[in-house]
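First subunit A sits with subunit B, and in the next complex the same chain sits with subunit C.
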Partner chain A sequence: MSENTLDGACVEKGLKVEDFQFAYTSVFGDEKFAVKNINFQMKPGYIYGLVGRNGAGKTTLIESLIKGEYMKGHVSLNGVSMEDSSLQVKENLGIISYPAKLLQKESLQANGEFLGAIYANWNQQEYEKKLKEFGLEKKQMVKNLSKGEIMKAQMAFIWGYKPQIIIADEPTSGLDPKFRKIFIQTLQEYVEDGEHSVLFSTHITEDLDQVADYLMVLHEGKILCNGSLEELRDYYNEDNFSVSWLLRKLT
Partner chain B sequence: MAREKELFQRLGITKTRRIAACIAEGIYILIFLIAAVWKKSIQVEGLLNTGVVIMAISLNYMACIKNQNGELEFSEILKYYPVDGTNVYKMIRGIIVKFTLVHWCVSLIMVYVLGKTEQILYTTVVVLLTGFFTNLGYWIGYGRAVKEERGRDASFSTSIVVCFMFAYPVLIFGIAACRALL
Partner chain C sequence: MLDITLKNNVERPIYEQIMIEIKESIISGEVKEQEQLPSIRTLAKQLKISVITTKRAYEELEKEGLIYGIAGKGFYVADKNVDILREKKVSMIEERLQEMVEECLDAGLTLADIHDIIDVIGEEMKKDE
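What follows is the complex of A and B.
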């Protein structure tokens, strides 16, 4: 999917990550690569699953991508590069992860007023409405929330500015089964308009079986497999095909 | 920098608050001067005052740089947002350092210019007021930014310092006042 800019150039919509690398540096200056040679694209209207064993580099990839802190590579959103205009790119990224990227000693309402208001199209009413829908009080302090409540709060926060890309790292962890279902449905609704996409990293592979359109398998910092679930299902031609089965097979 | 300045303002570090902090500092200096002129001497407590200020600077640096409890620091959180967090953090730290250093220099100068004697009452009064105005200055001047910069460890350490600055002098002051009155 692409759109024309004013000068007629064609710009690919969505997130593009090319040759992405992130390494931890020891006190002696040695680099240990956490993720290397990462290439993928996220087109609007789809949910992308990210799976891998513990220590594969999923959280590192997500965190370094969102913060724009990486050693090498190129990240762009709708043709705008992170290296040149990180603030413009971050304007359209949202993260759901633990710990929450919210002010711990402030209320949910205050977080909207301080941090939410950084975003150009922030809507405090929408945010507070979503908080209420998720059973959260706007006066609650973030530090007093449970893990599940923090995930709900971040989802509500995202609703305040509706970024083009949501990157969710274990978002259903800590959620009760009832709300997990609501959460998954909310993500599906989010991408239905064809303008948004979600990167969903999780160990609960059943969730991805339900909603993911595309899947990436990360192992030891590298992508082993990247494609649509449908294509992967046809390729492996396995009766018991599932994300969990694929992960066991590849890693 | 426009977005950072906007965030700075929103966090409460407005021009008004900074002026208020300076006024608080001015009042402290005035009381210090009145005490010095009236009794024609200043306590060696200046060293104690200096120690407290150095501790305050250290605590703020500790809170700003390191959080032992896994809580995300304010400046770390901002990396996830479309704002240059480093600049905001530097602005906050710059003001805290300047304010504290000015306070320290003024105190030192006044101690050495006006001389020293052993007068417990004025030690107590000045230390009490130092603590009060320093903290008042911080809270008025830096609002929520400072509150967020302080990690749990730093808050605990700060509490100890505040207790020391207030409880001990209040105790001594109370004893001295009772002796004076009785």
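What follows is the complex of A and C.
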């Protein structure tokens, strides 16, 4: 069967990151690169895993990507560049991270009403429906939520406007094992239509073993390897192959 | 209807496990010739595995001529190969049975004994169902 059926007819669709780098100035005044020479593409319909040891630059990469704060490079979504139309790109990104960009002193319901207003296609009912499904009360105050509940709330928020891309930084930390499974299944549902995709950064590599289509290994701010898990498994031809094995092998 | 369960403890790539399960479903007649298989994305979600892994299983089965894909529609069970597959399976079983029978005869059992043993096993399996 042709690639088109899986990837959509339009080749340009998806997120494209080219020659991306993010640097900061150290206390001694010199420039340090947190991430450098980052190139990758996210096609609609797939789950992308991002792994690396602590300090590899995963969170820096994700944060600078989301905020559009980078010194060099090019980020575009469906051919629209982030520099030209940051809003248009950001509208199509859904973020799951901790701490979350939620209003601490407000209820979950109010968070949806205030923050959702930014999005043209915001659907408060869908958001509240998902909250309920995840066992959250819309009257709950954000400041009283546990870490796991914050992750659930952000996932529900994403359901309110269905962005094309979910960027999730350690989304399963703080979740109990049972809900972790449900959560990952929810991500699979999200990409099932072939229109949406997920960037899933995690140190819990088992979360990626079965569901990730593509994997990126980040080490010292650079991408060491980037490919489909099936290709990587074939390439290393190792009985014990897993994401964790690969990470140990490469870093 | 295709009904696949993956065994997590098996040290065999998941795509191969899917291939085996689908082959068995074809042999047993659980999925019929010309029947449409679930879409790659549906099966991936159902089995909680990646889209690319599922796609690979289908593509390998297609290479073996057991299923065929129609662009934009999905994958279907090919008909001409089902009999060949079944024959292969039967001859594989025959080989294994031959080894077993040889072992039984070596151990001093008669053919009648072997028949009895098989009958007992068969009865027990019926009960379990």
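A few comments on the model shown:
Just so we're on the same page, the second predicted complex is superposed on the first by the 236 of 251 C-alpha atoms of A that agree within 3 Å, B and C clash if a C-alpha of one lies under 4 Å from a C-alpha of the other, contacts with A are read in each partner's own complex, and residues count from 1 in each chain.
Everything that follows uses one rule, which is that a contact is a pair of C-beta atoms (placed from the backbone, for glycine too) under 8 Å apart; a residue touches a chain by one contact, two chains touch by 3 or more.
Remember, predicted model here, so these are calculated numbers, not experimental data.
After superposition onto subunit A, the modelled positions of subunit B and subunit C are compatible, with room for both. Contacts of A:Q125 after superposition: neither subunit B nor subunit C is touched. Contacts of A:Q88 after superposition on the shared chain: subunit B is touched, whereas subunit C is not.
Contact with neither subunit B nor subunit C is seen for A:N144 once the two complexes are overlaid on the shared chain. Between the C-alpha centres of subunit B and subunit C, as viewed from that of subunit A, the superposed structures give an angle of 150°, to the nearest 10. Of the two partner chains placed by superposition, only subunit C is touched by A:Q188; subunit B is not.
When the shared chain is aligned, subunit C comes close enough to touch A:I47, but subunit B does not. Once chain A of one complex is fitted onto chain A of the other, the partner contacts of A:K105 are limited to subunit B, with no touch recorded for subunit C.
Contacts of A:E69 after superposition on the shared chain: subunit B is touched, whereas subunit C is not. When the two complexes are laid on top of each other via chain A, the two nearest Cα atoms from subunit B and subunit C are 29 angstrom apart.
Taken together, the two structures place no residue of subunit A in contact with subunit B in one case and with subunit C in the other. Listing the residues of subunit A that touch subunit B in their complex gives 66-69, 86-91, 95, 99-106, 113-115, 117-119, 143. Of all residues in subunit C, only 11, 13-15, 40-42, 44-45, 48-53, 55-56, 58, 69-72, 74-75 touch subunit A in the complex they form.
Every residue of subunit B that touches subunit A in the complex is listed here, in rising order: 3, 7, 10-11, 70-72, 74, 77, 79-84, 144, 147-148.
Within the complex formed with subunit C, the residues of subunit A that make contact are 1-2, 4-6, 45-47, 184-185, 188-189, 191-194, 210-214, 228-230, 233, 239.
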